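Take a look at the structures listed below.
Shared between the two complexes below is chain A, which pairs with chain B and chain C, respectively.
On to the complex of A and B.
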């Protein structure tokens, strides 16, 4: 147990050991995951961060190398020791999905891997899900441990810390002086808390979605669904598991930036041929990728049910309704 | 946690353009003969027939191109590249001169089943400038070290017009050999053309290569593929012995950036070489 009143001391000690700490900081438009400069501005009064935390491992834009004097000068690989504090379990889960793409493969992505290796994730269980949340329908829970090193529960005055990985437990051992042993009442409070939160999460019936989607590739439902879509890509920007990117040259440098399957130019070839020429194919790609292709390739639905795409969509498209409409 | 990778897969290796050959009348197809600037990069770049690489031009970007040289062509790497007016990288490439330095990343993707082709009759069917990785394969099979490993080799190659045929000098050399049968066709000849006229699928029917103990590699534009499958199947080739190579826009070349997938299959990682059998199993018909 860590008393909330003591959290600043704990964080100061962590920072003293050379960690950059990113935690929930109150901003004008909500609480965001920001680097803690002083230890005073932490707020646990939030549902979830507006932006998904994927950018901490896979930044919006990243320099790969500069090209000068006919030579490639590689950008140094990121080495910062980092703590991400207050990540919601759905988002923490997204990290383990991204690991499948960037690490658990023949070709390892060194940028992602270095950041992941140097980062300890402390997630915070949800006591109050949002109406747009649906984590329990895609395999998560408000107190899920997947992708995290330490899971914290907010019990009011204190945070109850649970070790979820070897890295997490050896980290906590270093700071044991800040923690007290939880008593029976604390443990019971945590149990109640999980049960209550889980009941509040909206349930969407997407059972056997992958199997059903296999039959829907050439269905006219995609035309209907995509009719409203603006191709703006905001759903992919806000999605914690969307990872598509592009490598581009900018004058003397090569950068990597996020890209999105929602854009026409994403698959457009120099010859003019485009395998996904209309929004119908692109909508199908996004939903199929998340609910079928990743199931085939990694055994996972690449959606954590955070609901960001639902709240961000300018034309009120709701992936929960979409998927149900497609699989019928 | 995990060990650090030895190699950053996103960093191209420098190569010098040793020779540029204009391949066709329209002058939009050039072959680039490249040599690695560093010996250790050359050693590390071991490739197989059918693989591709990402070609970089500093300031312009990167694009995937099939390797046209044979793994036995020591010290050099060749690519035949079509320039598209809308293609930023291909246009930049065509503006380069011999001696210029570009970048190469790879090799990427899988390869033709060379081992599976041994002790078999091999039929090669190519159309247009999709002939490049087939040329790599032919060079490899006809190499004195390798020729005895393969039985009869039949090549059917077509282009729009005589001026659009690639690797003319090599074609002539192959025609002179008696250990390979080659049928060259053009959609429409000119006044000097004495050879065959007609589309590739029609020539496949005429030539009718035997499917007994045979494997067939087919590369060409989608329209050619579409009309070549039926006669090839009719000749008795089984779907697992019909091999082709796919193309898609790519950025990473290592199965991560998310562009080149056809269903759950990533052309850059699981392909580009697929059998007709595998293509039939895809949720999306390419």
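On to the complex of A and C.
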């Protein structure tokens, strides 16, 4: 257990040991995941961050190498020791999904891997799911441990820390002087807390979605479904598990930048042919990718139920309704 | 907002009537959204579907954005003998001005659009509601007669908020809430036109160039380049946007601030003499950038320099489509 009043001391000690700490910082338009300059910046008054935290491992725009004097200068590997503090369990879970993509048996993305290896994820269990949340329908829970090193529960005056990985446990040992042993009441408080939060999450019936989607590739439902969509990329930029990117050569450098399957240019070929010419095919791709292709490739639905796409969509395309409409 | 329900019923009846008299093939309107206190675009294809329509202060979108897609295939349709559909559109004052703009820019056919003009009382800004229920979220909500929103907060509290206290800035400053070119009119109480003009813009103009540049930089540096502002805008119908052209590539795709700024400057300047101040870009922006200030400055300039209000009259050509010898040319500097 860590008294909330003592969190400043704990974080200060972590910072003194050379860690960059990114945590919930109160800003003009809400709490965002930002680098803590001082320990006073922390605010626990938030539901979830506006932007998904994938950007810490897989930045929106990233330099890969520069060309200079007829040689290629690779970008140095990121070495900063980092703490991500206050990540919600749905988002932490997205890290373990992205690991499947970027740290594959056949190919490893060194930039992604280095950032992951140098980062300790301390997540914070949800005590207040939002109307857009549906983590329990896609295999998560408000107190899920997947993808995290340490899970904290906010029990009011204190935070209850639970080790979730070896890395997390050896990290916590270094700072054991800040923590007290939880008593029976604390353990009970945590149990109540999980039960209460889980009950509040909206449930969506997507049983056997992958099996059913296999039959739907040529269905006319996609035309109907996609008609409202404006083809902006908000849902993909806000999705913690969307990982598509484009490579671009600029004058003296090569960068990779997040891309979005909602854009018509996403699959435009040099010949001018576009295999996904309308929003109907693009919408199908987004849903198939998350609920069928990744199930086939990695055995996982690539949606953590954070609900960001639901709230950020300018025309209220709701993936919970969409998937149900498709699989019927 | 007295009587939105009766307006809603009148709207349903009017739409049913349009279908029964075979005056429309499709009507774009609003239905209940999936989140509390939201409405969203819907497409009505028969008179029985009209029951889905809603009308309240959460009908925020500018539905004119959907119109060009019905007419894009007109040349091919003519060959095969299928006429383009007649599309009805539920329109607030600003939305109707967008429709007129699209007609003038020849993106849609005037005779194939039926404007259902609503008496607009302004729409809500969700961010403002959230600031009213300090730190909580909107867990439930409905609009009651008399312009009152009953909000259930995340902690289960019930709060009553006046619609007029949480109106979008664009509605507070709206100078033309009335639908001028309605084919069908749904009568009801309307918001009072503001004569506030461009006070906020004038105040911004008073600032030093450094302060203005700093504000622009701060706002634009938050952009994630999702292009939602462009996609939500009825005026942005280009088949290929300059931001995505590759031959030549006008701007880089990454997070270089200069690239992001050029996208926004390009978008804003393309709105001169065309923007109807419907606020669709601002609402669509998922990170809350103050796009309105910049676009509105151009609206003000066009109004002051050319006396032109986009979308009010179908006949009057926009300043960029016409030339007159006495056009204002103060901006040309010599020497």
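Definition applied: the second predicted complex is superposed on the first by the 327 of 328 C-alpha atoms of A that agree within 3 Å, B and C clash if a C-alpha of one lies under 4 Å from a C-alpha of the other, contacts with A are read in each partner's own complex, and residues count from 1 in each chain.
Convention: a contact is a pair of C-beta atoms (placed from the backbone, for glycine too) under 8 Å apart; a residue touches a chain by one contact, two chains touch by 3 or more.
All values reported here derive from a predicted model rather than from experimental measurement.
A.B. asks: Using the overlay on chain A, decide if chain B and chain C clash or can fit next to each other.
C.D. replies: Aligned through their shared chain, the two binders fit side by side on chain A.
A.B. asks: With both complexes overlaid on chain A, does A:212 touch chain B (first), chain C (second), both or neither?
C.D. replies: neither
A.B. asks: Name the contact category of A:246: first (chain B only), second (chain C only), both, or neither.
C.D. replies: Once the two structures are laid over each other on A, A:246 reaches both partners.
A.B. asks: Which partner does A:318 contact after superposing on A: first (chain B), second (chain C), both, neither?
C.D. replies: A:318 sits against chain C, while chain B stays out of touch.
A.B. asks: Applying the touch criterion given at the start, work out whether A:51 contacts chain B, chain C, both or neither, answering first, second, both or neither.
C.D. replies: second
A.B. asks: Once the structures are superposed on A, label A:65 by its partner contacts, choosing first (chain B), second (chain C), both or neither.
C.D. replies: In the superposed model, A:65 contacts chain B only, not chain C.
A.B. asks: At the Cα centre of chain A, what angle separates the centres of chain B and chain C, to the nearest 10 degrees?
C.D. replies: 90
A.B. asks: With the two complexes superposed on chain A, say which partner A:257 touches: chain B (first), chain C (second), both, or neither.
C.D. replies: Second partner only, chain C.
A.B. asks: Quick one: chain B or chain C, who's touching more of chain A?
C.D. replies: Of chain B and chain C, the partner in contact with more residues of chain A is B.
A.B. asks: May I ask you to decide whether A:233 touches chain B, chain C, both, or neither, giving the answer as first, second, both or neither?
C.D. replies: Touch partner of A:233: chain C, not chain B.
A.B. asks: Check the residue A:81 against both partner chains and state whether it touches chain B (first), chain C (second), both, or neither.
C.D. replies: neither
A.B. asks: After lining up the shared chain so the two structures overlap, which partner does A:110 touch, if you call chain B first and chain C second: first, second, both or neither?
C.D. replies: So A:110 only meets chain B here.
A.B. asks: Rounded to whole Å, what minimum CA distance do you find between chain B and chain C in the overlaid structures?
C.D. replies: Shortest inter-chain C-alpha distance (chain B to chain C): 7 Å.
A.B. asks: Just to be sure I follow: which residues of chain A are touched by chain B in one complex and then by chain C in the other one?
C.D. replies: On chain A, the overlap between the chain B and chain C contacts is residues 246, 248.
A.B. asks: Report the residues of chain C in contact with chain A in the complex, numbered from low to high.
C.D. replies: Result: residues 33-36, 38, 40-43, 61, 65, 127, 135, 137-139, 154, 224, 226-228, 230-232, 244, 252-256, 280, 283-284, 286-288 of chain C touch chain A.
A.B. asks: Could you list, by residue number, the parts of chain A that touch chain C in their complex?
C.D. replies: 29, 45, 47, 50-51, 60-61, 128, 130-132, 227-228, 230-234, 236-238, 246, 248, 250, 255, 257, 260, 263, 265, 310-312, 314-316, 318, 320-321
A.B. asks: Which of the residues in chain B end up touching chain A in this complex?
C.D. replies: Residues in contact with chain A: 1-2, 4-5, 8-12, 14, 56-63, 84, 86-90, 101, 103, 247-249, 251-252, 254-264, 269, 283-284, 286.
A.B. asks: Show which residues of chain A lie in contact with chain B when the two form their complex.
C.D. replies: My answer: residues 64-65, 67, 70-72, 74, 77, 101-103, 105, 107-110, 113-114, 116-117, 167, 214, 217, 243-249, 251-252, 254, 256, 259, 261, 266-272, 275, 285, 288-289, 292-294, 296-297.
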